[in-house]
Amino acid sequence: GEVTVFAAASMKTALDEVAKSWEEKTGDSAHISYAGSGALARQIAAGAPADIYISANPGWMETVARTGRVQAQEDLLANRLVLIAHDPQASQVTIGPDLDLEALLKGGKLAMSLVNSVPAGQYGKAALAHYGLWDAIAPDVAQADNVRATLAMVALGAAPYGITYATDAVAEPRVHVVATFPDDSHPPIRYPAARLTDTEAAQSFYEALTSPAAAKIFEAQGFHTLK
Amino acid sequence: MARAADCGPDRGARVMLEISLRHRLSGFTLDLALSAPSGVTALFGPSGAGKTTVVNAVAGLLRPEQGRIAVGGEVLLDTGANICLPPHKRRIGYVFQDARLFPHLSVRANLLYGRRFAPVSRDGAEFDRVVAMLGLEALLERRPAALSGGEKSRVALGRALLCAPRMLLMDEPLAALDAARKEEILPYFERLRDEVQLPILYVSHAPAEVARLATSVALIEAGHLRGFGPAREVLSDPGLAPSLGMREAGAVISGQVAGQEADGLARIETAGGPVLLPYPTGQPGQALRLRIHAGDVTLARGRPEGLSALNILPARITQIRPAEAPSVYVQLALGPERLLARLTTRSVAALGLTEGMECHAIIKAMSVASEDVLGR
Amino acid sequence: MARAADCGPDRGARVMLEISLRHRLSGFTLDLALSAPSGVTALFGPSGAGKTTVVNAVAGLLRPEQGRIAVGGEVLLDTGANICLPPHKRRIGYVFQDARLFPHLSVRANLLYGRRFAPVSRDGAEFDRVVAMLGLEALLERRPAALSGGEKSRVALGRALLCAPRMLLMDEPLAALDAARKEEILPYFERLRDEVQLPILYVSHAPAEVARLATSVALIEAGHLRGFGPAREVLSDPGLAPSLGMREAGAVISGQVAGQEADGLARIETAGGPVLLPYPTGQPGQALRLRIHAGDVTLARGRPEGLSALNILPARITQIRPAEAPSVYVQLALGPERLLARLTTRSVAALGLTEGMECHAIIKAMSVASEDVLGR
Amino acid sequence: MNWLSGQDWQAVALSLKVAGWATALSLPPGIFVAYALARWRFAGRSIVNGLVHLPLILPPVVTGYLLLIGFAPNGPIGGALAKIGLTLAFTWKGAALAAGVMAFPLMVRAIRLAIEAVDPKLEEAAATLGASRAWVFATVTLPLIAPGVLAGAITAYAKAMGEFGATITFVSNIPGQTQTLPLAIYSQLQVPGGEADAARLVVISVTLALGALLVSEWLARRIAARIAGRG
Amino acid sequence: MNWLSGQDWQAVALSLKVAGWATALSLPPGIFVAYALARWRFAGRSIVNGLVHLPLILPPVVTGYLLLIGFAPNGPIGGALAKIGLTLAFTWKGAALAAGVMAFPLMVRAIRLAIEAVDPKLEEAAATLGASRAWVFATVTLPLIAPGVLAGAITAYAKAMGEFGATITFVSNIPGQTQTLPLAIYSQLQVPGGEADAARLVVISVTLALGALLVSEWLARRIAARIAGRG
């Protein structure tokens, strides 16, 4: 059988691997469409032939849920937020109300994802606001349209520091994690998954997502599995 | 229509072309009406007089504010009745003042462009004949951009001739051509006029061409008709002569080919007596017209002897009209025909010429150039 | 250069214009050399002969494969020495065969386009004079697209005249104009030639214009020089006459204005005797040239009487050459001047004319049109 | 060739198909609209002109979103089309539609400029020779604007090869079905360290489009040379 | 006006500034490159032609990424520019650069088509009247291609108003500094239920671009009428 998966673009590395091992095991094939969670949610609402939806944002899962197509749904993964630096010599910092981000930036920009729309940006803004840092730093924040672009800015040195998911930082050798945001500084970072059809392949893939083999792959990429 | 009829020539003759136009352009108003019999209607007049504007209206490229145009009885335009045939339904071959060749087509394809729409499918012979007459054989595969000025105008001419039109509009078709080439093309126009009976509206600045071809002549100035009528009347009208250009005033007399003499001279019988011309003019019995420039006519009281001029015709002076000083136009009657002579006032005085007097008109055979022998 | 000199006219006269060209186009090869004295050099020849190509080379718009062009001693092009001045450095006013007006500029701006580059800043009077001569006053604020054919060519002419060039190239500048308008413009060209001493290369199909203006005439056929020399020689050469067109062959004789007679006739002294003309010709003492069409000359053995023709000049027959049958060209000597007459063989036989014989040449005053009186 | 994965090859093939169809299908309406805008004076001319330019003005994502709303299986147009068996959403046909829509203003602009440069006097001349309007268009106007049509088509093709935003929003990013080269490049850029893979795809994309560009330039020059009488 | 937030107004103002500068600054090089491509035969002509088209062919994200590499403060060009005090990355100037680069091929295409339609015989005529090449260009060629230049500029302007991918990748989305209308619209669309806010911005964006379009059409018609002798 075949399965079509709509998944948040930031999951590509891990999910490709999960899909590959599932394909090898079952002989079925998976087509995965990676794009922004929002775009995918709208497409599903518009009738896209997706069997599985994996969102990086619980909000968009609600949009999909309202279509009535969801057969099964659960929070698949969790992630953490980190502060990354371009300079390998950059020293570790402690996230807290006393963090002097402006001093760290030395006039440069803090790279984030869109703080009002892309989940990584929303979480980051919430965390900075939690410590009362947001208002001061807001003018110096450069918002990219997705996490990978945020990462690229720091990797290229266009921005000295950035805020991304831990999973992104893991895979990029040109950035260095200088701090991890405490979990209580922002709403929990969740990746909900939903099964939208009842085909055998869809059920099989949906189950494979929560299999121990998949968990290993996800964790190797820095995700927390929730099961 | 009443207005148009007013200035129609040969009021009895069948009207072939009826034009009545009123159109304003910024700073220029066209307002004229004429109805012409079949044959060539020449539009003559200074630069900017409105000739091209009239022709464009006939072709359907300009829709006048008011007007009526009919060819051979068929109405092409009648603003009153809200009739306006689009250009492609008018079947009118138009030789534009600027050549307007299709730059992306070869000369051959340009020439053949109208063939597809011709109601009768023309045979290849017609194509070959036109190409040969216009000397286009070597150019057929060329593109218009690489043609000389005269070559372009020849192709444009051929293109219009080959579309099998029911009427031809020609806006100075020969202006860019040399005398020899004109000499080859003019007889073809005459054949179209006489044999094919194709109505032709012909714009030209060259009085020689007009005299040779025109059945009717319309003299246009500043958008209005200054004169209109049969060619012979307009061209021998001393009042209109200045408009035609000093060298060019002259009358047209009719004749009939009597035959060719042993030494090669052609003998034409006219109402004024026989006229000898130094080139073949056609079969015996054929009707033709001779255009005699006013400047080429010499007068003598008695019959002169020992002169190289061959044509000495008895005539009677009907009118003496002052022209630009110190010269006069003398109109002569040769039987029913009229001849125009231009003399100095001194000669008129020296010879004591007066109206009603009998005299002799001397015309050199050589001064009637073959281009002044008109096909009928 | 050797080749160019070979066919130069007046080998003694100062060479003003030197042209030697070799250029191949697909199916057409231009290969000619001439060096002309100051004045107007006319290029004459059938459609497609290569006239425009020569003019383009002089303007710098065509770079010939081989060639040398010099004006007044300054070398514009020498492919041997790898010299090729760009067009804008040549300071040559070019009246194109197609008008090539700038469509985005008003007539006024078109006329003034070259002024900025003129080495001497022309005064407004010059502008007004040219505008008046060309009758452009009412058109100054118009755009070229709304002009008639003749209006366009007049603007193009004015534009070239007003750029203060050191040489003029004119490619059939008057072809689209009526006789009256030509009559207004030609004297201006003569003034440019005589007073301003501007060298002019003049392409025309009209022998009358050529005869009137040209100092030298080059007859071009199929890219080669068929004849070249001073205008009077080329135009009275019976061998070249057919190329000029039947009506148009004729000689040019020199004369001097003697004065105006009481009845308005002008008296011109020529080597053959006095000639009377029916219009003003200039101040007493002024040199001028008369062009006499071969067809307009009548011959008589004795001195004829009672004839309206005023000019009866004693002459001697120098040559009788067959022309198109049944006619001959008779070359006459009027003292040192040559005259050409075209007669029928019958007249020659009837009068018993032979070479060397004395006779009288009869020229109607009226048949020498004012356009045939040439400014020097 | 192990230089490109099977999925990459799919993307190349798909891109060529999508860009080709997008260009080919938008050419006739492109010529028609360009002609209407250049030559006709009709009410609503500005509206048509604005509509044509819309995909240029809007962020591509918005265009994609509007297409999604209109052409989704349960959208107004998509529903109607589904009845005749044509599914656009989430298929390569939809990708071609998106690319065509995005490229349309570029095509119309080029063709319109070319039409405006044609001398109406030549069309008049053809009419006097008996040619109907349609025939004049086919035998005079169209050949004369051929270089402009070619320029428009190739610009549209290039744009279609590069279209990303509207495509991913409208038809999603399904490998083998809607994943064109730009989408594949985007996907690669989502993978840490995927730059090298992305670069390979960029090279292919650029090569294909530049190849088409060169061919079209050469064709246009030949046409121009013929018209100038050198051909 | 409470219909638009202050940030929205900022985006409007910024978009106008960015699109205006992008168009104005790319116009002179656009004309130059178009002229060179249309009239000169030089080695590397195809390369230049290809380079010009590159932003059309590449996914905008890639263009933005390449700009980021080149013009980042520590990038090769960005470093040099920083020394003369010009910072492009993360500033509106960078946004203008991105928009200009993306719009450049459209501008060049339009102008080039217009130049190719100019009859060289008119330029020759100007030269015989004494005008140098530069003067001929300024007084004959340029006025004759004005409608094409206008068309190119307005197409570029429309594209600049809508540019998203390259802009956000190169200069990111900094409200008040680099957040142009398309970026604002995009942000809104990423929020569930943000469609209504996005729609408002779309209306503004379309209005602004269509206004410019109408003005340019009107101007172009006036120019054409003058040339046709009706003005």
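As written, the chains take the letters A, B, C, D and E, and residue 1 is the first residue of each chain.
Operating definition for what follows: a contact is a pair of C-beta atoms (placed from the backbone, for glycine too) under 8 Å apart; a residue touches a chain by one contact, two chains touch by 3 or more.
None of the values given here were measured: they were computed from a predicted structure.
Among the remaining chains, none touches subunit B as well as subunit C.
Think of each touching pair as a link: the shortest run of links from subunit B to subunit D has 1 of them.
Centres computed as Cα averages put subunit A at a distance of 35 Å from subunit E.
Rounded to whole angstrom units, the spacing between the C-alpha centres of subunit A and subunit B is 90.
For this pair, subunit C with subunit E, the centres built from the Cα atoms lie 57 Å apart. In subunit B, the residues touching two or more other chains are 98, 142, 146-147. Each of residues 61, 65, 186, 189 in subunit D touches at least two other chains. Shared interface positions of subunit A, i.e. residues touching 2 or more other chains, are given as 152.
Contact between chains, as defined at the top, is found for A-D, A-E, B-C, B-D, C-E, D-E. Partner subunit E is touched in their complex by these residues of subunit D: 46, 49-50, 53-54, 56-62, 65, 105-106, 109-110, 112-114, 116-117, 147-148, 151, 155, 158-159, 161-162, 164-165, 181-183, 185-186, 189, 198, 202, 205-206, 209-210, 213-214, 217, 224.
Those residues of subunit A that touch subunit E in the complex are listed here as 36, 38, 41, 59-60, 62-63, 108-109, 111, 114, 116-118, 139, 141-145, 149, 152-153, 156-159. Interface residues of subunit E facing subunit A in the complex, by the touch rule stated above, are 61, 65, 68-69, 72-75, 89-90, 168-169, 171-174, 176, 178, 186-192, 194.
Interface residues of subunit C facing subunit E in the complex, by the touch rule stated above, are 59-61, 86-88, 90-94, 96, 98, 100, 102-105, 113-114, 116-118, 142-147, 159-160, 163.
The residues of subunit D lying in touch with subunit B in their complex are 121-122, 124-133, 136, 139-140, 143-144, 146, 223, 226-231.
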